[in-house]
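Here the chain labels run A, B, C and D in written order, and each chain numbers its own residues starting at 1.
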Amino acid sequence: MSRIGVFICHCGENISATVDCEKVAKTLASMPGVAHSVDYKYMCSDPGQSLIRSAIKEKKLTGVVVAACSPRMHEPTFRKACAEARLNPFLCEMANLREHCSWVHAKGDATTDKAIDLVSMLVEKVKRNKPLFPIKVPVTKTALVIGGGIAGIQAALDIANAGQKVVLVEREPSIGGHMSQLSETFPTLDCSQCILTPRMVEVAQNPNITLYTYAEVESLSGFIGNFTARIRKKAKSVDEKLCTGCGECATACPIKKIPSEFNTGLGMRGAIYVPFPQAVPNKPVIDRSRCTYFKSGKCKFCASKCPAQAIRFDQQDEIIEIPIGSVVVTTGFNIKETSFFPEYGYGKYKDVVTGLQFERLLSASGPTLGEVKRPSDGTVPKKIVFVACTGSRDPAKGIEYCSKICCMYTAKHAMLYKHKVHDGDAYVFYMDIRAAGKGYDEFFRRAIEEDHVNYIRGRISRIYERNGKLIVRGADTLLGAQQVEIEADMVVLATAAVANDGAESLAQKLHVSYDAHHFFAEAHPKLRPVETNTAGIFLAGACQSPKDIPETVSQASAAASKVIGLFSNAELTREPIIAVVNRTAPPLFSTCVGCFMCQSACPYHAIEQEEIKTREGKLIKMVAKVNPGLCQGCGTCVAFCRSKSIDLQGYSNEQVYAEVMELLS
Amino acid sequence: MQALHQKAKELLESGKVQVIIGYGDGSGDRVRPVFISKAESASDLIWDDRCRQNLAVYLNKPEIKKLGVPAIVATPVVVKTIIQLISENQLKSSNIVVLVVDNDVVSELTDNASLEAYSAGHPVVFPPFVVKEIKDIAEMSIQQRNKYWQDELSRCFKCYACRAACPLCYCERCLTDNNQPQWVCVASHAQGNFEWHINRAMHLAGRCVECGSCTIACPVGIPIGLLTIEASRIVKQEFGQEPGLHCDADSAMSSFKVEDTETFIK
Amino acid sequence: MKIGLYPGCSLEGSSREYAESLRAIAPHLGLELEEIEGWNCCGASSAHQLDHTLSLALPARILAQAEKQKFPELLVPCAACYNRLASTKKDLANDASTRDKVTDLINMPYTGVTSVQNILEVLNLVLTPDVQKKIPAAFPHKVVCYYGCLLVRPASVVHAEKMEDPMQMDDLMKRIGATPLDWGMKTECCGASLSITRTDIVGKLCGNILEDATMRGAEAIIVACPMCHSNLDMRRKEIERVTGKKFSIPIVYITQAIGMALGLDAKSLGLHRHFVEVSVHGKNKVQQNVSSPSMAAVS
Amino acid sequence: MENNFEPKIVAFVCNWCTYAGADLTGTSRIKYATNVRIIRFPCTGRIDYNLLLKAFAQGADGVIVSGCHPNDCHYTSGNFHARRRWIVFKQMMEYMGIDMRRVKFSWVSAAEGAKWADIVNTTVNEIRELGPSQEYLEMSRQGVA
């Protein structure tokens, strides 16, 4: 016979103002199975909790119902109190008499009767609660960081420096990401390569970090603490151990005219190439889609010239399987190409470039070695128009968000242009300047006051070419929308920052949700910005939404701290509200008949197929089995199962059935 | 029929199958399932339009499984049932031989693709009286329907013959055998019957291939097949999914599409 | 290809040459035009400033008439009428209550079955490769195509792809041997109805267009809308007065250009009605084309 | 004639959205009828249609089933499965002659406190118009008596 303790809270008078607490306590005292029923002014207070603890001991209670506020508020508090009195916390339930009763109804019998119903319902439920114990899950102490930009580098270094193992996977031949393509960085104008390269070298030299470049995640299975990642190491056609990075092969390669991705198509590279001088690892790869050997079997100049005989034409892609405890996604972003904008010439005009291309023109290691030259004829542009918000904040283009970084890098571009071409004119068409970071507004003011960049508030409607000049037609809304036409030598479009290509398929591989723009979805925008809804998978940087370097680095360190926290204890404990498939004595073994429709219903892929065999190994039947690490306790499978072979701890069929019966009896 | 006998003899003699599940003469002019494991008695098999029970119900019985690889004489709905059972991980086309008879030509279907092709080519055709019943009920008001089903179901005395006849009711412990909690009242009063029959319909929604075995099996002649036909009709109309067509089909009720539409959830 | 025709007021009035040239080239393109009986005004821009329901009822009546005469498609050469009919069809398609109100007003059954086609869509269908074979390189001129606004906007009604940089007319001109030049004024505003109230603004706007076309060496500006033609051609004196520059570049309807490529004589194409003398002509020898509007298709 | 029939209504709600929405109704002190008792489930996917049958059999006059809006589900797809289940169950019940106007399905997010109060009040009024749930009670009484 159960011995339930019922504790009715007045909550000061939030409850007792409209609910007759004494009457509720008295009525519940006479309910079968209730051994103790009292009311008290503040159950959640320390004396209140000690009331529960002493009642449990004295009356040897087998269950507790606290009728007070919402369980979403104090369920943990009262469950902890019960645990302290050596009563399994999951034998304690809460009835919501405040938010669902006293605060929303007037004083009167109806309200008190409702309170009685709610409490008696929970008493019936608690009678059928079972003691539950937190689930222990082992944790593999290796983190997988996907994406080798500044976010991935920072996260990998933080985790490695905390003594944990890291596998860093980067799709390109070298780590560095977009930051390695920048000239200088706002707001301090320090050279991007100078602050990034040491970090890249540190990644290469850190013993805890295993670096796989020119590699992609093939698949990820398993659950928090127990993932298995399959990484595809694309064939580099170069033996990394033998190669010394001398560069003879690159000079020997007869093919020179491949637009370099690193230089955003403004510079050229060979079929065997190192993306940029400071690349880490500084070893070349062969672009098999453009190399003559892979097309016609001839050439092999690079192999003949290689002093270390490191060229391996027959190298194949390699799939590696690694046990992983946690994943940090740092795949970064991309920017829209000029061909996306019909009103600005569809990418027909060579001198209409994106912000990233202008970065390459400004960069000392760029195709023009830092001199600002027009891609069409190489002359120095005397008049450049910078266009902010190209595509961003434009619902018609399907990109309604602000890309956050363009105002700042456009001001930087204009300043650097004026520093390099003193007699040049720079115009910036903008809607609103977003310079909210530390030292940002001062930086942008300097562009106007010291470098005399002409800021025109207005949009431009069209760019077209007329005898060698680019006619930029716009409006100046501060001068009463007066039409403005500028004959520019060059136009830089600050195009929208969008999700990196392949983001959607990676999200599907990791079962992480993503938004309409294919940016990864954080668990909670304010309170859990670097976590995802999938336990054990964290996010950092622009893959979650466009952001600048300081924010990216702080998110990377935040994600790293989450991983370090996860790895800090040997085992992971999780709430035992999970589904369990029943097991019975042989020959039935389980009432589950293996239709596995629950498996396809489970959003967390938490249900596996278990083979039940005789001692000789002959298969008797296949039944479902719930993986306690993965199951989040939604219960969809329980309500779905036709033979009721699977039940949810904490909300079992018996419990909810009893609640309905008691409520309406 | 000769072709069937010939094929049955061959299969048994070659040892490819150990038992042939087919139709044989029953009491009166009725037909009953027969299980032939000796080549000589292959001629007991008959094949005419009286053969309507769904023999697929025997494929998973332990007694049949003990005998070894079975062959089964299959009407189109039996083929659909086998496909549905394959999609629910209950059968594998590799260890059964399905014999289909089309105007005295017997062919063997031994893999998913051939089963699916045959099923696609043979849509379910309701006999006229079923079509009429479906139409009548569709035109009833909700009160009339309530009265109709109360009267019909009042004759049910929970013999569960319908459950036994249905190949898709393969649970070892049925929902009704569940008493912690007692989901379905055991007694065959109005409430108990209603709860049993609506649960049977919900469990067969999107799974029932409309073979009619349950209606045939019901000793008190309740048209309970109409309930599962309606359940499958709802699933087809709302989600466009039909049972018994693909061996790898996702079950309609345990999958979803984000764009499922309804008008009653506000 | 038999198709219903809704000429609209300007094709009967100020832009008769557009209708004449269309009827002249139709037989050669296997196009059989059948005018709608008892058609009414489409409301143009004035209706929807005065009364929204009226601006839907007028085009709805035209479409209802087309349905009565069982036309699956309706060719609407004038850009303004096309825009009015197309947007009415769209508005009524997904608004049952307004549709009922409008059908009561015009007391004719209207279901929105007829599809509304502009001149570029129809020409694209009929100017097939074998028709092109009949007129090899027959209009060898450098031209610029001026689309204006109503042929390409708003995107939700007119599904012109690459709304900012349309290519349909350029493509048609290539088919008759012309070389369309790339220029920036394809969809710039010509001032439209301001040509009555503020002719100076039209002068300035059209001045930009004419100047840009002339500067690029175009021998003619091709248009497909009566409003564009009248502003660029009829207002030539005001434009020259406002800009202080002389422009001699002719404005030619696309139907006239095709007519010239077919070698039809100037009179039947209505070229004599232009204010600016048409200095371009087709290479083929001029043949007298006496086709009357109701004559059935020849080829 | 003043209809003072007080219907008994039970509400099956999901913990993450509607239960939290009802909490918000409380914290915003929005008053609503006392006829509804809330039973908490982790997700609408967990709500078994047999519970509705049992509720009516026990004398409930109306049932409210409410959970997260599509795409809001804490468990990503619980509400989608529930939606499919209710689409079939509703039409099956109506096919077998049970008036489903007594069952109210809704989406209420954790931020829609006012909407929850409104759903409760409108449901109570509608069920009051329908009166006590006759056909189901008869069915149960007829059998058990």
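Here, contacts are C-beta pairs under 8 Å (C-beta built on N, C-alpha and C of every residue); 3 or more make two chains touch, one makes a residue touch a chain.
Everything numeric in this text was worked out from a predicted model, so none of it was measured.
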Fill in the blank from the handout: Per-chain Cα centroid nearest the overall protein Cα centroid belongs to chain A
Practice task
If we define chain centres by averaging CA atoms, which chain lands farthest from chain C? Would you check?
Solution key: B
Practice task
Could you compare the number of C-beta pairs in contact for A-C with that for B-D and name the larger?
Solution key: B-D
Exercise for the section: Averaging only over C-alpha atoms, locate the centres of chain B and chain C and give their separation in whole Å. Expected result: 65
Completion exercise
Per the C-alpha means, the centres of chain A and chain C lie apart by a whole-Å value of 53
Fill in the blank from the handout: Between chain A and chain D, the Cα-mean centres are separated in Å by 36
Exercise for the section: Two or more other chains in contact with one residue: find those residues in chain C. Expected result: none
Practice task
Note the residues in chain D that touch 2 or more other chains, in rising order.
Solution key: 54, 77, 81, 85
Completion exercise
Touching two or more other chains in chain B are residues 183, 253-254
Problem - Complete list of chain pairs which touch one another - result: A-B, A-C, A-D, B-D
Fill in the blank from the handout: Per the touch rule above, chain C residues touching chain A in the complex are 162-165, 182-184, 188, 212, 215
Exercise for the section: Could you pull out which chain A residues touch chain B in their complex? Expected result: 588, 591, 593-598, 600-601, 622, 640, 642-645, 653-654, 657-658
Practice task
Would you tell me which residues of chain B are touching chain A in their complex?
Solution key: 88-90, 170-175, 178, 180-181, 183, 203, 250-251, 253-255
Fill in the blank from the handout: Listed in rising order, chain A residues that touch chain D in their complex are 70-72, 96, 98-100, 103-106, 110-111, 113-114, 117-118, 121, 513, 533, 577, 601, 603-604, 632-636, 638-640, 648, 650-651, 653, 656-657, 659-661, 663-665
Practice task
Spell out the part of chain D that touches chain A in their complex, as residue ranges.
Solution key: 6, 8, 10, 15, 19-20, 22-27, 29-32, 34, 37-43, 45-48, 51, 54-55, 58-60, 74-78, 81-82, 85, 117
